[in-house]
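Below are structures written as structure tokens.
Shared between the two complexes below is subunit A, which pairs with subunit B and subunit C, respectively.
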Partner chain A sequence: MINLFGYRLSWAQLAWFGHRASGLGVLLFLFLHIVETSTVLLGPEVYDFTQTFYQNLPAKLGEVMLMAALVYHSLNGLRVIAMDFWPSLTVYYRPLTYGVIGATVVAMIPLGIIMTRGYLPWG
Partner chain B sequence: MPMDVQLRIRRYNPEADDEPHWEEYEVEAEPTDRVLDLLHQVKWYQDGTLTFRRSCAHGVCGSDAMLINGRNRLACEYLVKDAGTSITVEAIRGMAVVKDLLVDMEPFWESYKAVKPYLVNDELPADGKERRQSQADRERYEDTSRCILCAACTTSCPVFWSDQSYVGPAAIVNAHRFIVDSRDQAKEERLEIMADPDGVWRCRTTFNCVEACPRDIKITRAILEVTSEIGKAGIR
Partner chain C sequence: MTSRTRARVIYTNPSRAARPKPEASGRERFWWYFMRVSGLALVLLALGHMFIMHVLVVLTGDEINFAFVQSRWGSPFWRIYDFALLVLAFLHGVNGARVVIGDYVTHRTARSLVIGLLLAISGIWLVLGMAIIVFFDPTTQSVSGPLS
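Then we have the complex of A and B:
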């Protein structure tokens, strides 16, 4: 495993960093979403114009990342809550952590394809 | 078969150095030698100024916890055949370095003492001799009674690195040992201490403590059992 801050990074520690990073990412998008939605107060033309910012591949990939952050944060949050309620589950922290990371990857394959289908060769 | 080992040690003498720095030593070792044996070789035959703490040297006293190859371990338990031929050794994190690998453990002991790590019971036993306990009640603190207070867990915790006011996993483990002891009468008092903003709630379940513990104590389980006890006791 790689070292972070000079200490060997375990998957469980990586899961915690990921939880923080995904939470912050979603929060930042929430602020962006509030700003973008509030442009409707300036008239439908202004709102429609702001929506064009999302109509390109980089923005679509950003949406895929947002979805990945939401899926991961939700699943990992459930893992943490489950351990809170049943401390004996902590014995299985490694398989639980791998399970959350694996489930996020598996969920994002169809979700990513569906979200970017307009840009795919067969889309 | 002896092998050449490259030993990198992060050294710091607050009286002479502005910053910690790395020094390298070549030592010959058997695969079954421990990292502590390498440190002895350096101190005894190459550089007598190297400073570190060790006492029993057999994984019982817990005095030689160090950051070895990026993870907290006991130098007296980690073998060269597992560590490889290039080994880095640093002082454990989050504690003031006194010199080289020797840290000031006083804040650690303060946190430990704060949880009242001893049996509190002012009543005389029913038979006047001993306080009996079922096997099931004894089993509840079997795991946490094995702590050797080496500080490998507390100093592997990212929460502790960022804020040393956090009581830390070791103190919680030792609080747990008495909180779940059916003979103890200071459970509520300890739970109040644990419910402090610098107490048990600061755990972020990164499991670094579990991976660092040389006694394989299920530390995060103990921490979450204490939070559960706080909830059951209705402490806010």
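Then we have the complex of A and C:
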């Protein structure tokens, strides 16, 4: 149980909310990504200019968040699928949920370092 | 009534991140299976795409620009890969948004309107996305676009 602004939330509730939030976030980026990629039909000058929008620190941090959303949504989705098709696994929903959250955090350490490499002091 | 039933399902089923399997076969049952099958494919397609674009490109010192897209979409493999990723991610995402809207917009007419709007906008967007992958010409050397 965690206490958030006076609400007592379980990790399972947060896992459910995180699945929706990350899914909607990725969908929003997909809409943006289609518009931005469409400039490739307008030639190299326009497309290369569009790509400079991603070449700054705030955009890089956004990309790290996108990666985290995808990693979490993938792992949590695999957990949901596993429990849907093997209902006996539901007994382990708590360790599986902790595992998904923990694995996302662990995976994001090297991924975050690689993705923001150009902006790190040693990068 | 509908909203009460939905809320109870979520409450008694806290271990699930998603909705329970629809009892009756039909359209909703199809989309329930679609989310799981496309989800499995997207774990490979979407994470593969992110790994190539944000890990391999960084580690090899490459850069994502027009020349990069030219060499990538010059190969039918990557064009089919990106087309499958686009269509599956889009259908998976829009159907997910539809389910979320259904949980929060309980008024029948309002729900139909919001979901109708979502589907109309998404349809246009998906056609634009598919057109980019189909109509891009990798042999283009230099095109004079409106901003060049």
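Note that in this section the second predicted complex is superposed on the first by the 116 of 123 C-alpha atoms of A that agree within 3 Å, B and C clash if a C-alpha of one lies under 4 Å from a C-alpha of the other, contacts with A are read in each partner's own complex, and residues count from 1 in each chain.
Keep in mind that, in the parts below, a residue touches a chain if its C-beta (ideal position, glycine included) is under 8 Å from a C-beta of that chain, and two chains touch if they have at least 3 such contacts.
Source: prediction; values computed, not measured.
Peer 1: Comparing subunit C with subunit B, which touches more residues belonging to subunit A?
Peer 2: When the residues of subunit A touched by each partner are counted, C comes out ahead.
Peer 1: Where does A:Y93 make contact in the superposed view: on subunit B (first), on subunit C (second), on both, or on neither?
Peer 2: Once the two structures are laid over each other on A, A:Y93 reaches both partners.
Peer 1: Taking the superposition as given, does A:P58 touch the first partner, subunit B, the second, subunit C, both, or neither?
Peer 2: A:P58 sits against neither subunit B nor subunit C.
Peer 1: By the touch definition at the top of the document, which applies to A:Q13: first (subunit B), second (subunit C), both, or neither?
Peer 2: Touch partners of A:Q13: subunit B and subunit C.
Peer 1: For A:M83, select first, second, both or neither according to whether it touches subunit B, subunit C, the two together, or no partner.
Peer 2: both
Peer 1: For A:P121 in the superposed arrangement: first (subunit B), second (subunit C), both or neither?
Peer 2: In the superposition, A:P121 touches no partner, neither subunit B nor subunit C.
Peer 1: Once the two structures are superposed, pull the subunit A residues common to the subunit B and subunit C interfaces.
Peer 2: Residues 10, 12-13, 16, 80, 83-84, 90, 93, which sit in both footprints.
Peer 1: Within their complex, state which residues of subunit A touch subunit C.
Peer 2: For subunit A paired with subunit C, touching residues are 10, 12-13, 15-16, 19-20, 23-24, 26-27, 30-31, 34-35, 37-38, 40-49, 51, 54, 63, 66-67, 70-71, 74, 76-81, 83-84, 90, 93, 97, 111, 114-115, 117.
Peer 1: Which part of subunit C faces subunit A closely enough to touch in the complex?
Peer 2: The contact residues of subunit C facing subunit A are 10, 14-18, 21, 36, 39-40, 42-43, 46-47, 50, 54-55, 58-59, 64-67, 69, 86, 89-90, 93-94, 96-97, 100, 125, 128-129, 132, 135-136, 140, 142-148.
Peer 1: Which stretch or stretches of subunit B touch subunit A in the complex?
Peer 2: Where subunit B meets subunit A, its residues are 67, 69-71, 90, 93, 156, 158, 161, 204-208, 210-211, 218, 220-222, 224-225, 227-228.
Peer 1: What part of subunit A is in contact with subunit B in the complex they form?
Peer 2: 3, 5-8, 10, 12-13, 16, 80, 83-84, 87-88, 90-91, 93
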